[in-house]
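Heads up, the next two complexes both have subunit A, just with different partners, subunit B and then subunit C.
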Partner chain A sequence: MSMIRFVTADGLPGFLAHLAKDGQRVLVPVEKPANKPSVVFEPWQEGKAFTLAKATVPPKEAVLPQCETLFSFKKAKDPADPARVSLQLEEAPPPPPTVVFACRPCDARGFAVLDRPYLHGPFADPCYKARREALTVITLTCASGCNTCFCHWVGGGPSSPEGSDVLMTAIEGGYVLQAITPRGEACLAASALPDGAEVFPRAEEARKAAWQSLEPAPDLKDAPQRLAALFTDTTFWQEQTDRCLSCGACTYFCPTCYCFNITDEGEGLSEKGGRRLRSWDNCMSSLFTREASGHNPRNAKALRMRNRVSHKFATYPENWGSFSCNGCGRCISNCPVCLDIRAIVLAALEKGADA
Partner chain B sequence: MSGTKTQQTMLREISPRPMPDGNPYLPMPATVAEVIQETGNIKTMRVVLDDAEAMRQFVYEPGQVGQLSVFGAGESTFVINSPPSQKDYLQFSVMQAGEVTAAIHRLSPGDKVGVRAPLGNYFPYADWKGKDVFFVGGGIGMAPIRTIMLHLLEHKDDYGKVSLLYGARSPRDMAYSYELDDWLRRPDLDCTLCIDAPFEGWEHKVGLIPNVLLELAPSPANCVAVLCGPPIMIKFTVQALEKLGFAPENIVTTLEKRMKCGIGICGRCNIGGRYVCIDGPVFTWKELQALPPEL
Partner chain C sequence: MPVLEGKELRIVGFLCNWCSYGGADTAGVARAGQPTDLRIIRVPCSGRIDPLFIVKALLGGADGVLVSGCHPRDCHYAAGNFYARRRLEVLKQFLPVLGIDERRFEYTWVSASEGQRWQQVVTVFTERIHQLGRAPRFDDAEPLLKLADMALTSLRPLGTGQTAALDELKDAIRAKLPELDCVIGWQQGYDAAHTVPLFIRKPEDVDKLVWGPFNVNNPAVYLPSFKGKKVGIVVKGCDSRSVVELLQENLIRREDVTIFALPCEGTLDMARVNEKLGRYQRIDSVSLDEAGATIVADGTEHRFCMTEYAQGKCYGCTTPAAVLADTRLGTPTPVQPGTVVPPELALLDSMSLEERMAFWRGQMERCLRCYACRNACPMCVCRDFCISDSRNPHWMSQEDSPREKLFFQTIHAMHLAGRCTGCGECQRACPVGIPILALRQQIARAVAQLFDGYRPGLDPAAVPPLLGYEVEEKNIHERDWK
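Presenting the complex of A and B:
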């Protein structure tokens, strides 16, 4: 049996304080009041209010910041021979150890989706690897679904452990913490929290009730072939994307979108120097694939949406054996024109069934 | 590392090729040794790695590419167009088109640059042994053809007849003009040059590459056609080759896409589930036919 601990609701700040000691960065969901209130992950500190609500923005930045320095560069002159210059490149410092606290199972599965191309392709990404290896994920299991999320369509569920080090489930009076990985076990073992084995059956009941509350899921196993078959059906993609604004909100809110751009910033090769940056990119933008010559293989929004949906439901599965959509539903709830990726996939399945 | 893993590795294999060690984003410091003004908008850069040992150890296969950095402007992908036997420098031919290429065009000998190389796959020349090889280069697309052609000519005994059709808009748009006399003269190469429209003093063919190709009508028997050029030229040249009877597996091309990481992650050079940076840039037409039409 895995290691189980119990924490009361009042005891959570104490647990966070324990996690945050030794300078570890603990990212917690924080409410941001505004015209449109949101919940975002922010570093916790003593006294900071947090929430256990599902975050509006996933915790992807823990491993893939919106913008990060890959390395910095500058030119150095030899003081004895000023005509002799050398180029100095400096790699980014190691990232701080980080805990993501109270993300949801879909968010945690996002890390597993990113791990495949970033760690297991022909090249491992050193910046991602350093952040990932310093990351502990404590996931709050969901008590129910919501009307935009669909994790159980795509291989997940309200208590899916994939990508998590610790699963945390609400029961009456507090939370049951279950270690999933050795890292999670070490994290719980180092805490002063009491054993929770006795109340674990209540967590299991809560998880079971969450599963039972879900609507039946459609079968998506044919989605990869159906989407591939529709590749040249431009009319289908135009119909599905007519109202898309190409704003890219779907990609920025996605826990599994991982495309990036690389740009330089600063003074170039001077003594002050500059930096090479990696920043999130957006496949819905017309600039994403436009070549310097002006040629653009995806010169219409229908073709760009085709790529986005196909990547999640056809080509990523072709390469890695799993959908790269986790069903968190954020692209649906944050789309300004209410585009629904579920509807596109279902339409593709239906269209294939007609043929 | 945390998380339960259901899938550790890619479901397909990446063919073996020389690959850089260490942090794949960190360029090797290098110095521009020579700049050749090829045409009005094409310059060739010969660069030497600053670390003499790295330069000596540097190996690559013909068709592999490199990311050339101008620090402060960024980096772009170009084929290493010197043949692998050339150990003194790495050569990149760059057409000025955008910001990074403009910065490259401003470089002078002695300037510091960065190189990430070698990246990508290479021409499957081992499969061509004993066969005739017909090269077709269009405009700056001659750069990768130059590498593999010179490599084949260095090992000419292994191959049958080697031919080249090199076309450009006008004689003024023809890179490697200083090598053309030699290419035309050498007995181990059947070289044909063409330009799009008549030009005073031009003694070679006039016409678009696919038309000149149909006129030359190389036999597809025991022959591999290798082409590179702009997307529109590739499209019509492949049609011409198919008309001549070349089978899709005997048509080889090398593609260009907007690339950033060059290592299969950043997500923009894909054609369906394949990435031009790691699965390419070299593909046979047969391989491309199996992929979605998104060139």
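Presenting the complex of A and C:
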């Protein structure tokens, strides 16, 4: 049996302090006060208030920052011979070891989805790899579903261990921590937390209760070919995306969207220098596919949303064998017009069934 | 090391080629002594100066910005400085809401022969900036998060539209539908406590139409995308103002749009509703009465009184009835005279400049640049060709710094000056709840003050104030340079 530890609710700050020692970055969910409060992951510091609520913004940032400097460059003159100019490149410093604390199983599965193209494809992305290898994921299992999430439709669940190093489950009086991977075991072993094998059955009960609270899930196994078959049916996509505003909320709040853009910023090849940045991109933007000629193969929001849904439910499964949607529901809850990816997939299934 | 290092401040000057640049030259030829802090950028005309040049300079670390052009009536291009005068005056009143001291920005008129006047302008302005000292840097501000007070009194009784003539409205739409490409309204969303826009194309779709306090979306945002097609739209009062503003700017044609209107009794602030509902799996029931909504979620009952849970904009709304409509049903409740300062703007009004800068520093940190604010805005009609996406001109970098994000909000706000009808979709759309509507509201307030109470979207024939000028401006006065 895997390593089990127990921590009381009051003991969490102490556990975080232990994780944060030796300069490890511990990302915790923090509630931002506003009339529409949001929860974002931020580095924990002694005394900082945190929450265990599901974050508005997933912790994708831990491995794929919104914007990262790949390297910086500048031109330098040789003082002895000013005509000789050299280009100096400076690599970005290595990423700090990081712990993501209290993300949800859907978030953790997000890391597993990102790993496939970034690590297991023909080329491993070195920046992603460095961050991923320095990452420990401690996941809080969900006690129930919610109105917009649907993890159990797409192969996950309220206590799915995929992508997590440690699973944490709330029971009365505290939390049971269960190591899933050797990294998780090492993390728990190094802590001074007491053994929790005795209370583990209570955690298992809580997990089972969470599973049982879920609404029944539809069968999505035909989704990949049904969506692929609808690729040329523009009327279907137009009907489904009538209300889409073509903003990037669905992609930027998605734990599994991984497209990026690379730009050079700064003064270019001058003595002041510049930086090469990698930043998030999103397929809802016109610029995502606009070509240098000005032609845009995806010139309408319907085609852009078709790409997003098909990628999650058809092309990614074709390449990697599983959906790249984790059913976290953030694209629904954060959408200004509540565009519902579940409804689109179900409509595609229904349409295919009619045919 | 230059002898003046540490003594000089960074002042940027934008000078018109035909007058002020010549004036500065005249001052130089006459050997008139001047402070050396000013760095001059020559522009063809003061009308060429985008207010964003000035904000970009100030956010980027300039301690002061001076704009100088030809005297009014003396513009090389006849009217460039008349337009500039309006824009720059609005900008001056906008800067404080960002936490920037408006005294750090000034504009004036100097002709090519006025070397002496130029000397005086530069000397006085530089002295003023030296008195203010170095500008506080946005990047250095310590984040400050504060909440707006939502306990507001409404100018009219708020309700849930229980007596609205929805059935008659449906009949009217059914009758008109054969002539129209589609009619935009609202339908139930993923559950009974959320609605989403509805596009009625077939007679059977009409039955999906709903009316009530959950109809938060502004359907006018879709109108420009139906250009050239006949389209119907169901509007609340605030939505109708967006339609009128689009007409004012010739972005849609009156003959293409059929407006259906019911009097609005207020809409719910879904952010606060969702917050109170918390995490739930299913809605058991939603019942509406005159005073509010009762929502039962997972067996727990939640009560939402309209007086407590309406959107911030609804309390001060003076147009519950559509300002323009083809089919108008029902009678709106009367509105009491008076004004309600919108909650987020009131919060900013109560803060010092330093606090405001710290506030935006704290708020913008969590922005993901998803641009939901931009795309939900019915007045953002550039769509796929937004200037913030452009590499040339390169207004925005891809960097994710709070300053860059605030600058985008400034672009949005400045481009809405004299156009924003205050529908609040930008703020409602923001997934992380940044109170960005306040920036637009500050501009709207400045526009109303400067242009005799002008409010966008009330009269289809009115020219938006920043698209026009008066030779003698009633409320904009030349400043004294003594």
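Criterion: the second predicted complex is superposed on the first by the 355 of 355 C-alpha atoms of A that agree within 3 Å, B and C clash if a C-alpha of one lies under 4 Å from a C-alpha of the other, contacts with A are read in each partner's own complex, and residues count from 1 in each chain.
We adopt the following convention: contacts are C-beta pairs under 8 Å (C-beta built on N, C-alpha and C of every residue); 3 or more make two chains touch, one makes a residue touch a chain.
What you see is a predicted model, and the numbers here were worked out from it, not measured in a lab.
K.L.:
Will subunit C clash with subunit B on subunit A after the two structures are superposed, or do they fit?
P.N.:
fit
K.L.:
Where does A:263 make contact in the superposed view: on subunit B (first), on subunit C (second), on both, or on neither?
P.N.:
Touch partners of A:263: subunit B and subunit C.
K.L.:
Just to be sure I read the superposition right, which of the two partners does A:57 touch: subunit B = first, subunit C = second, or both, or neither?
P.N.:
The second partner, subunit C, only.
K.L.:
What is the contact status of A:351 with respect to subunit B (first) and subunit C (second): first, second, both, or neither?
P.N.:
Once the two structures are laid over each other on A, A:351 reaches no partner at all.
K.L.:
Given the superposition on chain A, what is the angle at the CA centre of subunit A with arms to the CA centres of subunit B and subunit C, as a multiple of 10 degrees?
P.N.:
90
K.L.:
Specify the partner with more touching residues on subunit A, choosing between subunit B and subunit C.
P.N.:
More residues of subunit A are touched by B.
K.L.:
Contact-wise, after the overlay, does A:18 reach subunit B, subunit C, both or neither (first, second, both, neither)?
P.N.:
In the superposed model, A:18 contacts neither subunit B nor subunit C.
K.L.:
For A:202, using the defined touch cut-off, is the partner it touches subunit B, subunit C, both, or neither? Pick first, second, both or neither.
P.N.:
Neither partner.
K.L.:
Report, in whole Å, the shortest distance between any C-alpha atom of subunit B and any C-alpha atom of subunit C after the two complexes are superposed.
P.N.:
When the complexes share the chain A frame, the smallest subunit B-subunit C C-alpha distance is 7 Å.
K.L.:
By the touch definition above, which subunit A residues appear in both interfaces, subunit B in one complex and subunit C in the other?
P.N.:
On subunit A, the residues that contact subunit B in one structure and subunit C in the other are 261, 263, 290.
K.L.:
Can you list the residues on subunit C that touch subunit A in the complex?
P.N.:
145-148, 150, 189-191, 194, 196-197, 199, 217, 221-222, 269, 271-272, 274-275, 279-283, 297, 312, 343, 363, 366, 368-372, 374-376, 383-385, 389, 391, 397-400, 425, 428-435
K.L.:
Which residues, counting only subunit A, touch subunit B once they are in their complex?
P.N.:
Going through subunit A, the ones touching subunit B are 70-71, 73, 75, 85-87, 89, 91, 108, 111-112, 115-123, 125-127, 132-133, 135-137, 161-165, 180-181, 183-184, 228, 231-232, 258-264, 266-269, 273-274, 276, 278, 281, 283, 288-293, 295, 297-298, 303, 307, 310-311, 314-316, 318-322.
K.L.:
In their complex, what parts of subunit B are in touch with subunit A?
P.N.:
Going by the criterion above, the answer is residues 1-12, 14, 19, 23-27, 29, 50, 69-76, 97-98, 100-101, 112, 114, 230-231, 256-258, 260-261, 263-268, 270, 272-273, 278, 292-295.
K.L.:
Under the touch definition given earlier, write down the residues of subunit A that touch subunit C in their complex.
P.N.:
Its residues touching subunit C are 32-38, 40, 53-54, 56-57, 65-67, 144-148, 213-215, 242-243, 245-249, 251-253, 261, 263, 265, 277, 279-280, 282, 285-287, 290, 296, 332, 334-340, 342-343.
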